[in-house]
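First chain written, first letter: the chains are A, B, C and D, and each begins at residue 1.
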Amino acid sequence: MTELVVIIFSAALVNNFVLVQFLGLCPFLGATCKLEGALGMGLATGLVLTLASAFSYLVERFVLIPLDVTYLRLVSFIVVIGAAVQFTELVLSRAFPLLHKVLGIYIPLIASNCAVLGVALLNSNASRSLAAAIFYGAGAALGFGIVLVLLSSLRERLEGEDVPAPFRGSAITLVTAGILSLAFFGFNGFSRL
Amino acid sequence: MSTGTPIARGLLPERLIIPMDQQAGPAAVPVVEVGQRVRKGEMIGRPGGLRSAGVHASASGTIGAIREGPVPTVNGLTTSLCVHLQTDGRDEQAPSEGWPRERDARIDAICNAGIVGLGGAVFSTAEKLRDDAECDLLILNGAECEPYISCDDMLMREHPLEVVRGALAMMDLTGAESTVFAVERDKPDALRAVREAAAQLGDTRIEFARVPTVYPAGGERQLVELLTGREVPSGSYPPAAGCICQNVGTAFALDRFMRRGEPLTSRIVTVTGNGVAHPANVEVPIGTPIGDLIHFCGGYRGDVTRLILGGNMMGYALPGDDLPITKAGNCIVAAHADEIRESTGEWPCIRCGDCADVCPPRLLPQQLLRAATVRDFDQLDSLGLNDCIECGCCDIACPSQIALTERFRQAKQAWAVVSQRAAMADLATRRHRRKLARLAAQTEDIHRQQDDLIAAIGSEDSRAMIEAAVARASRRRGESDTAH
Amino acid sequence: MRFELKPPPHALPTTSVPKVMRHVIYALAPAAFAHVWFFGWGICINALIATAAALGAEALMLRVRSRPVKPALLDGTATVTAVLLAFAIPPLAPWWVPVIGAVSAIVLAKHLYGGLGSNLFNPAMVGYAVLLISFPVEMTYWLPPRGAELGHSPVGAWDSLRFAVTGSLPQALAVDAVTQATPLDLVREGLTSMQTLAEVQAGPLFGGMGGRGWDWVNSLIAVGGLYLLFRGIIRWHIPVSMLAAIVVLAAVFHTIDASRFASASFHLFSGASLLGAFFIATDPVSAATTNRGRLIYGAGIGILVYAIRTWGGYPDGVAFAVLLMNATVPLLDRYTRPRIYGRPR
Amino acid sequence: MVTGTVVLSSLAIALAIGLVLCSRYMAQSEDSVVDEVERILPRIQCAQCGYPGCRPYAAAIVAESAPLNLCPPGGEDTVRRLARFLGRDAAHLASPAAVAGVAAVPASLDDIAVIDEDLCIGCNLCVRACPVDAIVGVHQMMHTVITDHCTGCALCLPPCPVDCISLTPRHA
């Protein structure tokens, strides 16, 4: 059991997908205008990530390997992720129309989010067990969500500040993201548990 | 500074400016004309509606003029109809009717006598007593609303008997089971005097509480929480928490009206500050120009840069000293430049939270400031801007010396404008939808009529209708041919 | 008589930002003297260089933004940041280390966000983190404390000044021979190479609780912290919750396995725990503003400091812990608001 | 090679069927977002954004067929709040002239329409133009504006043949 907890902890914080491995940066900068939007984005990506890591494992284990077509791994993962994203967009537009409108273009963009494909490929490279793969996806989603929420709350607080004109908008966001990844440096070297 | 000498009396200026709008409710309506001679205590303005109160001549004399003029009220300088009275120094007392029998007549008499809360809010006392919400506790507020003010303290020391008798009368009127006298810890002799008076009257329903002298202990919401642990719900008044707060000055005025039939024509005002020769508590006829009051206390001393009505914390600066003392004026501070705050907002807010520590309603002024700067009214609502009592504690505690209270006042005004426009917008939306619905219904009626007509074409009675119409037309044409 | 019209309240304010910052510097003074006594004049040189760089950067930024320069320089906030940075830099450091640290702190962490009161992260810690990650070698030139017999004369004031300017020491002293790891580094290396704690702590550098020189410096920092507490400059919530978190975690793990986890007192009096608790985490601008928020903020820093020290890759994680918790401050401010008088929730 | 294509296509078809089934039974609700956007607009129904009312403009914004900066009475504040709510960039307010079919007089809640009663010929054109029925008057008789209901939308100014309506500040 501690093995799974370690996976989640290391995927979420130690080698955080956004701030340490620098994957999934476009929603990280794009979808964090508002806290609600960032929270929604984190959950949506989390849903896609867990679905994708589970399905990609199953597809590879029960379809690609027996039929010896493992060279199709990348393409089939993309198909799986695309389906997961469509499913998430459906769920969002039906159950949370407000969130669907606020996130807008960023939901289909999850399909092109390198963190999602990254999880699927890393899972298959490290040939983890199904449970480990799902936990790794969940850990990555958790890390992605935490960082998204943090940055959006920081950006909302920045609205009232008198930031110098050239730095307003995405420039100060990038500076903040930089300092955030500076802080996440504290976590490297943790995997020596 | 001003508690050394006893209450100074005998101030009678030759000119009195008695404003009609002196209470929290609507302004009184004058009942006298120019040139008419009135005696002291005679009604010159009758209550102008609910929550209003009567206004009386503070001295005998002739009415010089009745005109609009600037008047210092609770929330700043406003203009109000004022009766200018030329006093003749004879100080004749007008006859007064007796103290009526049953409760409602008494409450109306109190209202006509112009008795209002003298703690500073000038809320109509009659209205408070009439409100028969189940109040089990009457709180007599002997705590000063601000550090330098000592009018309540001196009043309790010199007239304890009248104050306690007034309190007992209030208890009977409101039906409260018990009364608590709140006196600040640093006023032992006032407490002793009032305790002896209560013993003398032999009434056991009165208890005494020594309240810590921490500003703003005088605020009624803070006093209710201090004495009873209950909190007055946000946006409502103490009766909602089962208590009624009355100032000791109001009790004294009620007693004077009960026994001697004198309406509220004078009040005790603390005159203090380095700019006054002899700071003192003075019994001041209502309507006395502040200049005369300062002159009575020995005139100005040194160069006075600011004249404040009220204390240092919530009082506001007056443009000149020709303004009258109203029922709400409990203190006048003539201040030199060195004892008051000059600049504000030296440094940006460093979010240290000292202001949140001193805020009586437990708000977060640093977050309110940020939300006010960004004009985020939903955030201001959830942060409780409406619960801010503008006591000024946060300004004093702020290391960046930001004028927080003023910023919150402006935010409240901006918010009032925004919410008023939102209400108008809601109304406009409803009316627009109703109009669209009406237009849709009208077009629908027209369509239905056309359908009926179309359906009617081809049936027998429709052909008869057409021939009748043709016949009418030809007859008309026939008459018009013969007419030409 | 005409009088001036100013809004209430009219009473005089009781304090001001320069006064607050001055008290912080007074509180740091005793610890600085102990630092000089044990580790030579290095810290004073660094402090002066850092302060000069910080004030220079601030003046430049304010001039560029055409803001009044004089009041901002006199309010002492840049000075406090520089002095705190100097405490975190090793005494023997080339001149450009404090300069880069101070400039990145003032420009990057403070003025890019809009000057005093707007910075989201603690400027001193951003500066320190930049230095720690960009110049790992220079950040390990710590000196042995006075009194630890290590066979060579301690580095004099002139020697450290020479090193700061020229980067070279007099021939008698070689940089590697002179410099010495901090007790925390020694504990880390010892534990990773499977030595038991007792063996590691038997070395000459250890004595007292946090290491020979360090326990004096840290206890004087605690004295300075208590001074700030009683003057009301800082509140108890952050220091108490942070130190409590460290002590509790250290005690728990120490009882579990005494040979692999250091004792609570060692953690308390070594590295920057006390400096962090009283001076760095309590920086009002980047810390939480509600009391409950401060408790969570402090506890979070304590937990992260212990985690990084025990399992992390860096000897002392105070800088990263503070930066991480700074990131959570907007959330803490929003969700830990006290109940308002007269409102149900 | 053949097995590869078969595997992929079957995988895709399976997932597609799953999605179609899901989309069938979930109910669609769109208008809650339009309500939210409409509440941000000043809602004085002045049609100076080129849409016949605030709700149509809100629907256009939600359908992303209209930019956020067409509302003159809302001003920069409304543009900023719309951008904040929808997470889009806040462009500067389009100058009223650039908006199709706009009255020369900018609408604002701070103004109200006032009819110069002795010039009014009772033609009833303004009553039809007023979006909130704030003008009363019988045919051929003098008309007047109900100040509480008038939103200052200036729609009654153009249709008046004798030009007797003017927009004046509300609290003159």
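Throughout what follows, contacts are C-beta pairs under 8 Å (C-beta built on N, C-alpha and C of every residue); 3 or more make two chains touch, one makes a residue touch a chain.
Just so we're clear, the structure is a prediction, and the values are computed from it rather than from any experiment.
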More contacts between chains, B-D or A-D: A-D
Whole-Å separation of chain centres (CA-atom averages), chain A against chain D: 38
Rounded Å distance between chain B and chain D, as computed from the means of their C-alpha atoms: 41
CA centroid of chain A to CA centroid of chain C, Å: 34
Chain C-chain D separation of Cα centroids, rounded to whole Å: 55
For chain C, residues that touch 2 or more chains besides their own: 115, 118, 333
Junction residues of chain A - those touching two or more other chains: none
Chains grouped in pairs wherever the two touch, ordered by label: A-B, A-C, A-D, B-C, B-D
Residues of chain A that touch chain B when the two form their complex: 159-160
Contact footprint of chain A on chain D as seen in their complex: 3-4, 7-8, 11-12, 15-16, 18-19, 22-23, 26-30, 32-33, 36, 62, 84-88
Residues of chain C defined as touching chain A within the complex: 65, 108-109, 111-115, 118, 120-121, 126, 129-130, 133, 192, 304, 307-308, 311-314, 317, 319-321, 323-324, 326-331, 333-334
Parts of chain A lying in touch with chain D, wherever the complex brings them together: 31, 33-34, 37, 59, 63-64, 67, 69, 71-72, 75-76, 79-80, 83, 86-87, 90-91, 93-95, 97-98, 101-104
Contact set on chain B toward chain C in their complex: 221, 225, 231-236, 291, 300, 304-308, 310, 312-321, 333, 335, 339-341, 346-354, 356-357, 360-364, 366-367, 383-384, 387, 390, 392, 395-401, 403, 405-406, 409
